[in-house]
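Dropping the structures in below, format is structure tokens.
Here come two complexes built around chain A, the first alongside chain B, the second alongside chain C.
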Partner chain A sequence: MSWSDFFLMQQELALILLALVLLVVEISLDTENKHKIIPVANFLFIPILVIGFLNTSTGSLFGDMYITDPTRILMKNILNVGVFLVFLQVSNWLKTQANNRNRISEFYLLIISSLIGVNYLISAGNFLMFYLSLELTSIPIAALAAYEQYKHKSAEAGIKMILSSAFSSGILLFGLSLLYAGTGTLNYGAMAIASVDLIQSMGFIFFFSGLAFKISIVPFHLWTADVYEGAPVAVTSYLSVISKGVAVFVLAIVLITLFGEIQGLWQEVIYVTAILTMTIGNLFAIRQKNIKRFLAFSSIAQAGFILLGLVGGSNFGTTAVLYFVLIYIFSNLAAFGVVSVIQNASDKENIYDYNGLYKTNPRLSLVMMLALFSLAGIPPVAGFFGKFFLFAAAAEAGMYVLLLIAVLNAIISLYYYLLVVKAMFINSNDQPVPKIESDFFARAGLILCTAGIIITGFISWIYEYMLNNSFGI
Partner chain B sequence: MSTEGLILFFIAGVLMVGGGIIVSNLVAPRSTNAQKLDPYECGIPTIGPSWMQFRVGYYLFAIMFLIFDVETVFIFPWAVVMKQVGMTAFIEILIFFVILGLGLLYAWKKKALRWE
Partner chain C sequence: METYIFYILAGAILIFALLSVTTRRVLRAAVYLLFALGSTAGIYFMVEFLFLAAVQLLVYVGGVVVLIIFSILLTSQINDRLEQPEWLKVMATMLLVVVGAGLSLFVIREYDFNISETAMTAPTVSDIGLKLLSYGPGGYVLPFEVISILLLAAMIGAIVIAKRMKEND
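Let's look at the complex of A and B:
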């Protein structure tokens, strides 16, 4: 192995370098100048994106511990874009919170640590590496969930997050140990999962349950709503798109490369959990009054839809999942962006507080409307195309009953998404949210999200590009 | 391994752990005296209740100590193979030191080393 081999990991190395640079900046800044790290971090993240898109490396490192290929790079790029959007959204919140003045750079450092974990998780070629990076992904986020520790709800979210992720890691490790007992290796390439083997099937079930916690698939979703509600909006948006996205991607990789032999088993598991996740997520979302809890249950329902793409185990399905996650990132981050802006300005987070928002903040309401339309899957916006390909993947696998339930659920979801739109545009309010002037970064973030929502569906080469690159795994 | 194997594995696991506890309870001789309740090799008997609250500062110091403790553990094997690996090993350990040093500098700047 020579030095040049390390450049296979150029994305991760660049992120580590970024973390170190930010640490140096943090050390050199005085207490009253801490907010200056915000533009530094935002602009320094752009080269990371560029490096990611220029990255074409293929190969493996450290005895197959680390694998890179175009599909994995594509997954990392999708998530990097999401993190960039999160960074743009948080700037305003970080600046205005008086209690956080000393801890601004910690926010960036922890998110970047988690992102490094995300990148290594996608590139892992060995379950040891997989587990290490999974922990690196979730522990900084648990710290961030308790970022506003002087608020009881935030502290509660932090402790719930760390306990549930410790619990899920325990289940996952048990699954991995069963897989190791059955095959005698932890290396993806050397693992031969056989369809008849009970130990390996049990190992898969536990492994899947552990990952299901991270994706918040029913019946492992109970932590989601409380953590999403208590954590700061920025952390919630990171949790709902990046943590969920990476777990979905890793599940896709592992299902196809490792568990191809026991497809009959995992198809049934995913079939049942997909139905449960969609239905329960939707039914609970209808009852929510708090917008963050509402979006939490909506994200659970979306996770159910994502499972539709995985159930067939085909390349077409994988492409649909990648494509949907990209669109989901744009739409969910747009929704959370609006929630974040409004909460910063007026500290309101109930759905009835959004009554009459259109009168005072027409542009914010339009962005929110597009985001909700996209989440619901209404044709002109990208969410429709994302859902369409997911449904098509399920149809290709011949699962028409599942498809029917999914379509019914899409209709139910339409109802509660439109309730929020109705609140903003039709309902009247004596004291609507006052007019808000958001700062440059938040505005840029919302514009990028809106552009993504509108454009991603229509530019077909994005989909073609993903289709061409999804054959790697 | 088949289903029977898995069941046997489970039963054997339960028996090994549970059996050990039960057998040692039945077989082991019992003798109780006052000395047995004294702290063993851990200093003198405590004065007052030991369930008191500690300053959180202790933990900060303990963590800082732990980091550098682990660093030493890492450096020992490095020192053993350093001659064979040569310049590469030297540069790699320098990178490691720089990262650790930055961490220490950060803790220093955050006044984690100050006892107030």
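Let's look at the complex of A and C:
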């Protein structure tokens, strides 16, 4: 192993370096100037995004503990961009809330540690690495969910998240131990799961359930709404796009490279959970009054749609998943960005508080409308293309009943997304949210998200690149 | 003889685990947990994984449970009893446990395990140390380093939750 081999781990090493630099900067700042870490972190994150595009070679390190190839690097790039957008949105909240002022750098450090876990999780070539990086992604976020510990709901979100993630890790570990018992190895390459053995099927079911907690697939979604509501908006947006996105990506990797031979088994599991997730997520989203809970259930429903891309296990389906997750990051972060700006300025988070938003904040309402259109899948915004490819993937697999249910669900979701749009543009309000002047970073974040929502659907080489680097059975 | 010892230890683990989740006094639950973890160390001793057994005793029995007991003594009223759970919940949990355990037992008993030809030798501490820092095939240096990041993140997380604003701010 030579020094140049370390360049295969470019993104992880750069992130670790960033974490260490931020630790040193934090020590050198005195109490009054802690907020100066915000621009430092935001600007130092840009080189990390660039590094991800420099080297896209294939290789493995540390005796196959770490695997990398263009697809995995692409997945990491997608999620790193998402974290950058979260960073841009969070700055104003961190700066203005008095209770946060002496814990600003900790926020960045925890998100970056979790992101290191995300990157290692995608590149894991061994279930030991898989498990450790999965813990690394969720434990720092559980601490962040309780960031506003003086608020009862935030502390509750923290404890709920840590308990449910410990429980899901336990289930996942039991599944892994059954798989280990069946194959005698933890290495992806050596673990060829060829036959539908009883013990390996059971191992797979437990393994899937553990991951389903992270993606919040029904019936493992019960923690989602409470945690999303209680946690600070920035943490919620991280949870809803990055944690979910990485779990979807590794599920795709593991299903296709490891469990490819027992496709018949997991196809049924995903078929049933996709229907349940879409339908239940949608039905509960209609009833929500709080915008964060509303977006929580909407993100559960979106997870159901994502499963449509996995059900066939084809190259095309995986591409649709990659593409959709990128668009979902832009749309969901735009929606959460607006929620964060409004909550920060006026502490309002109910849907009826958004009544008449267009009168006072036309640009914010426009961004929110585009985001919701994209989530609902209305052309010409990118969300339409994302959903279209997911539906096409289900059609390619020949699952027309599933497709029909998905289309019905897309119509239901259109209804509740439009309710929010109606509230902003048509409903009148005696005390609307006052006019908000957001700061530079928040504005940049929202502009980037909006650009992503509009452009991603039209630039065809993004999709072409994904299709060329995708994988399937 | 070994078989009897195994069943005694396994029975002890089961009973103490069951007691620790059913008792209504927090401190007793912690002590039952101590016994359950201690008996697990016994199983490790039986299969001659001495290092693992020592770690189990030192870390879990000596460290974790003592921490749990400290935190119970510092925070809660030890005389308090947890409220009686509803019988419907008890029944549902029991049903789930019985079905789950039955299913797992059935699956594991049905499976035809590959019995390895070579005799099993327990790794020595130096083997473990070398493996932990080796970067070749079968080495564990990358997980080892990832754990260090995890511990750093966990410490920062604990600080985030525990840190308070100064009163005069």
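The criterion applied here is as follows: the second predicted complex is superposed on the first by the 470 of 473 C-alpha atoms of A that agree within 3 Å, B and C clash if a C-alpha of one lies under 4 Å from a C-alpha of the other, contacts with A are read in each partner's own complex, and residues count from 1 in each chain.
Here is the rule we use: a residue touches a chain if its C-beta (ideal position, glycine included) is under 8 Å from a C-beta of that chain, and two chains touch if they have at least 3 such contacts.
None of these values were measured; they are calculated from a predicted model.
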item: Contacts of A:E261 with chain B and chain C, given as first, second, both or neither; value: neither
item: First, second, both or neither for A:G182, with chain B first and chain C second; value: both
item: Which of chain B and chain C A:V24 touches, first, second, both or neither; value: first
item: Which superposed partner A:E156 touches (first chain B, second chain C, both, neither); value: neither
item: First, second, both or neither for A:D226, with chain B first and chain C second; value: neither
item: Touched partner set for A:D439, first chain B, second chain C, both or neither; value: neither
item: Touched partner set for A:I199, first chain B, second chain C, both or neither; value: both
item: Touched partner set for A:A142, first chain B, second chain C, both or neither; value: second
item: Chain B and chain C contact sites that coincide on chain A, given as residue numbers; value: 182, 197-199, 202
item: Chain C-touching residues of chain A, taken from the complex the two chains share; value: 1, 16, 19, 61-66, 98-99, 101-103, 106-107, 109-110, 113-114, 116-117, 120, 126, 128-129, 132-133, 135-136, 139-140, 142-144, 146-147, 149, 158, 178, 181-182, 184, 197-199, 202
item: Touch list for chain B against partner chain A, complex; value: 1-3, 5-6, 88, 99, 102-103, 105-106, 109
item: Touch list for chain C against partner chain A, complex; value: 103-104, 107-108, 110-111, 113-114, 135-143, 146-147, 149-150, 152-154, 156-161, 163, 165, 169
item: Chain A residues touching chain B - in the complex, by the definition given at the top; value: 3, 20, 23-24, 26-27, 182, 197-199, 202
